[in-house]
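Chain IDs A, B, C, D, E and F follow the sequence of writing; residue 1 opens each chain.
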Amino acid sequence: MNDLLQKPRKVYVSRKIEFNAAHRLFNPLCTEEENLAIYGKCSNKNGHGHNYLLEITICGIVDPNTGFLFDLKELKNILKEEIMERFDHKNLNHDVPDLQECVPTTEVLAVLIWDILEQRLHNINNREISLHEVKIYETGKNSVSYFGE
Amino acid sequence: MNDLLQKPRKVYVSRKIEFNAAHRLFNPLCTEEENLAIYGKCSNKNGHGHNYLLEITICGIVDPNTGFLFDLKELKNILKEEIMERFDHKNLNHDVPDLQECVPTTEVLAVLIWDILEQRLHNINNREISLHEVKIYETGKNSVSYFGE
Amino acid sequence: MNDLLQKPRKVYVSRKIEFNAAHRLFNPLCTEEENLAIYGKCSNKNGHGHNYLLEITICGIVDPNTGFLFDLKELKNILKEEIMERFDHKNLNHDVPDLQECVPTTEVLAVLIWDILEQRLHNINNREISLHEVKIYETGKNSVSYFGE
Amino acid sequence: MNDLLQKPRKVYVSRKIEFNAAHRLFNPLCTEEENLAIYGKCSNKNGHGHNYLLEITICGIVDPNTGFLFDLKELKNILKEEIMERFDHKNLNHDVPDLQECVPTTEVLAVLIWDILEQRLHNINNREISLHEVKIYETGKNSVSYFGE
Amino acid sequence: MNDLLQKPRKVYVSRKIEFNAAHRLFNPLCTEEENLAIYGKCSNKNGHGHNYLLEITICGIVDPNTGFLFDLKELKNILKEEIMERFDHKNLNHDVPDLQECVPTTEVLAVLIWDILEQRLHNINNREISLHEVKIYETGKNSVSYFGE
Amino acid sequence: MNDLLQKPRKVYVSRKIEFNAAHRLFNPLCTEEENLAIYGKCSNKNGHGHNYLLEITICGIVDPNTGFLFDLKELKNILKEEIMERFDHKNLNHDVPDLQECVPTTEVLAVLIWDILEQRLHNINNREISLHEVKIYETGKNSVSYFGE
C-alpha cells in the first residue's frame, strides 16, 4: 500500500486556530511616559484586544501505513488543551501565569507558545515529529514567526 | 461629461476599517452566575478582545460632475474622527462613555455606531446621501448588520 | 440598562460554518449525454466535492436585557445538529435522505437548508426572530442565496 | 424529481471575476488644481491601476428540471465576452469606448457594467431571470454596488 | 536593459489554482473499525470532498532579458494539463490511477503532485529553474507542504 | 522582566501594505510582435494595473527590554516613505526613476524593493536586525518572493 511512500517523504503540516484575548503593552519598570513612547496606544490603561490567528506547523516523515504525518484529531486536542484553554477569551496580562513577568507582545506570545508546544510534543512523541514553526497573525497586517532558534 | 450619469443612478458605497478593542460581556444587574449562564466565557472577569472589522455603507445618487457618490477622503476623515479615535485600542467597557450603561455586545456596538454616523452625516449633508448599513464582523465567523430600522 | 435599546432595534446576525461534502450533478430521468450537456464535468461518474461555506442570517429586535438578538451558543448547537450532522463529511447524493429525489445543486441545497432551519427556529422561537437568509459559497467564486421567497 | 422545487423558489446566484486595469480620475473640463482637489493622488498624470473584483448577482426561480437558476457555463461565457475582453489588461481611460466621455470612477464602472449585462441578459432571456446587483471591489477596503435603480 | 538584473537574482514565484474533488480515507488492508479509529468521519462509506487550493512555487535566477523567472503562460498550461485535467471534478479514490494503491490523504496528494511536476519541469527545463514547494490547503484551516525532501 | 527572553530568541516579523499602480510589460529593445509573444496582454499599449500587496519580513533577536523585534511605528514610517511615496498611485513605467531601464515585472519590483529597504535598514540599524524577505502578491493567484540571494 502507498507506493509513493516507499521512500521517506518529509512533509510540513499546518493547522490554524483563532483565540480572542485582551492585552496591554506596559512595562512596570518604566514610567507611563516611557511606556507611551515605546508602546504608543498599545499602552492605553484599560487595554485593548485582538483575534489572534495562530498557525502551528509540524514536520516529519509521512507514516506509510496511514498516509498521515500525525493524527489530526490528536493535534486538535493538544491545541484545545494547551492553547484555547490557556488563552481564549482571556486577558493576557492578568489571566496567563506564564506571562506575569512579561510584556505580552506578539513576539513574546510566539516564543511562549513554542515552548509550551515543544514540551508537549516532546512528551508524546514516539516517532520523528518536530515542531517547525509558530506563527501568530495579530491583525491581518502584522504577524510574527518563531522557529525555535 | 458622463453620459452614463444623465439619468440618476443610486449606488451603494462601502468602506471597511478595523479597530482593535477589549470588552467584557457582563450585566451588573445580574449575579456572576446569571452572567455566566447568559454570556459564557465572554463574561470572564478580566475581559478579552477582538479585531473588529467595520463596514459602513452609504447610498445616494452619483454626482454627475465628479462620478463619485461622496468624497472618499472626507469619509475617511469622518471614520477616523468618529470611529478610530473613539474605539481603537480602547476597552469598550471602560473607555467609551456612550457604552457605560450598556453590555457591549456586537449588536449594541452596531446600533451605537449607526447613531453616531447618522448624526454626523446628517449634519454635513448637503446632497441626498444616506447611511444605509453598519456591519461589524466580530470574528471571521460572526457579524451583525444594522440598517437603522 | 442599555439606553440604546430603549427603542426597538432590528438587527441581522450572521454566522458562518463550513462542511465538506461530495456530490454529483446527475438527473436519472435523463441520458448520460443529456446530463453531460447540462452539468458538464459536474456529472462525472464518481462525483467530486467541495468545502461548502454556509452563512446563516437571522433577524429581529435586540433583547434589551441581554444586548443579544439570540443566544449564539444556542445557534451553534442548532447548526451542529441540523447542518453538520446531516451534511459534513457526507455524500449529498447517497447520505442525505432529503436529497434522494433531487439533483444536489447549490440552489437546491440552499432551499433545503432554509426549510430545515425555518422549521427548527419556528419550533423554539418564543420571541420575534426570523430566518432571513441562507447563503452558500460552493467555491470562492460561486454562491447562492435564498431568502424564503 | 426535485420535490423541493415543486413550489417556485426565488434564489440569487453570484459569480466573482477579476480584471486588472489602469485608470486615472481626471475631468478635462476642470483645471489640474480642481482635479487634484477632487481626486487627489487618483488624478496623478500617468495613472495607476487596480485588481478589480467584480461580483455579479442574478435572480429568479430555480428551474425544477435542472436545479439551476441559470447555466453557469453560459454565464461564464457572457462574463468572458462582455467583461474580460472589454476591461481586462486595459486602460479604462483610453481603451474602453463607453468610458470616453466619463471619469472612470468605480461608481461609473458599476453603472456601465450594469447597462452592458442588463442588455445582454435581456436579449438571451427566455425565462424569468433578472440582473440583481453589480458589485465592484476596487480594493479590499472599498466597494460599490449598483442595483439598477 | 534591466540594470537591477546585472547580478543574478534568485526569486521564488508562486501560483495558486483550485480543484474540486471527492475522496475517502480508507485503507483496504484494515477493518472498518480500524479505519474508523484512524480516519474518523473521513472514512465515511460514500466519501466527501474538498475545494483543494494548490500553491506551486518554483525558484531560480530572473531572466535578465525578460524580467521573468519563467513564462507564466507556460506555467498555466502545465498546471492545466498536469493538475486540472487529472484531479478537477474527480474522485481521488476511483479516477486517479496514481492513487489506486494509496490512501488519498493531503500528505500523499502533495507528494504525488511534486513527483508529477518535478518530472514535467525537468523535461522542459533549459534554464536553471527548480520546483521549490508544493502546498495544498485542504480547508482554510489545514495545509500540507512538500519540498521534495 | 521577560524571563522568556533571557535566552536569545530569533523571530521573524512581517508587515503587509498595499499600493495601487499601473504598469506595462514592454521591452523597447524588442519589436511589438516580440513583446506580444513574451508578455501577451500585459504588453497592451496603454497599460493596465494592480493592487500590489507587499509583505516585508525582518528578522533578529527579540529585544528583552521591550519584547519587540523592532519598533512597528518606525517600520510603518519607513514603508510610508520608501514604498508608498514611491509607488502608490503611480505608473511604474513612467513615474519611478529606478525602473526607467527595466521591464517592471513583479520579479523586478521585488528585487528593487529589497535593494531600497536593505539600504535603508542598514543605515538606521544599531542592533542585529536583517531584512529577510520581500514578497509581492500581484493578484490573489500570483506572488514573487526575494530573499536577497
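Note that in this section contacts are C-beta pairs under 8 Å (C-beta built on N, C-alpha and C of every residue); 3 or more make two chains touch, one makes a residue touch a chain.
Here the structure is a predicted model, which means the values were calculated and not measured.
Asker: Considering only chains that satisfy the touch condition with chain B, which of them also satisfy it with chain E?
Answerer: A chain counts here if it touches both chain B and chain E, which gives A, C.
Asker: How short can a path of touching chains from chain A to chain D be, counted in steps?
Answerer: Tracing touching chains, the least step count from chain A to chain D comes to 2.
Asker: Find the chain most remote from chain E, comparing centres computed as mean CA coordinates.
Answerer: Farthest by centroid: B.
Asker: At what distance in angstrom does the C-alpha mean of chain E lie from that of chain D?
Answerer: Each chain's C-alpha centroid was found; their separation is 33 Å.
Asker: Between chain A and chain F, what's the gap in Å when you average each chain's C-alpha atoms?
Answerer: The answer is 27 Å.
Asker: Residues of chain D that touch two or more other chains: which are they?
Answerer: 140
Asker: Once the touch criterion is applied, which pairs of chains come out as touching?
Answerer: Touching chain pairs, listed by label, come out as A-B, A-E, A-F, B-C, B-D, C-D, C-E, D-F, E-F.
Asker: Residue numbers of chain E touching chain F in their complex, please.
Answerer: The contact residues of chain E facing chain F are 1-5, 9-17, 62, 65-69, 71-73.
Asker: If we count contacts the way the header does, which residues on chain E are in touch with chain A in the complex?
Answerer: Residues in contact with chain A: 25, 27-29, 38, 40, 98, 101-105, 107-108, 110-112, 115, 140-147, 149.
Asker: So in the complex, the part of chain B that touches chain A is made up of which residues?
Answerer: Against chain A, the touching part of chain B is residues 18, 20-23, 41-42, 44, 46-51, 88-91, 93-95, 139-140.
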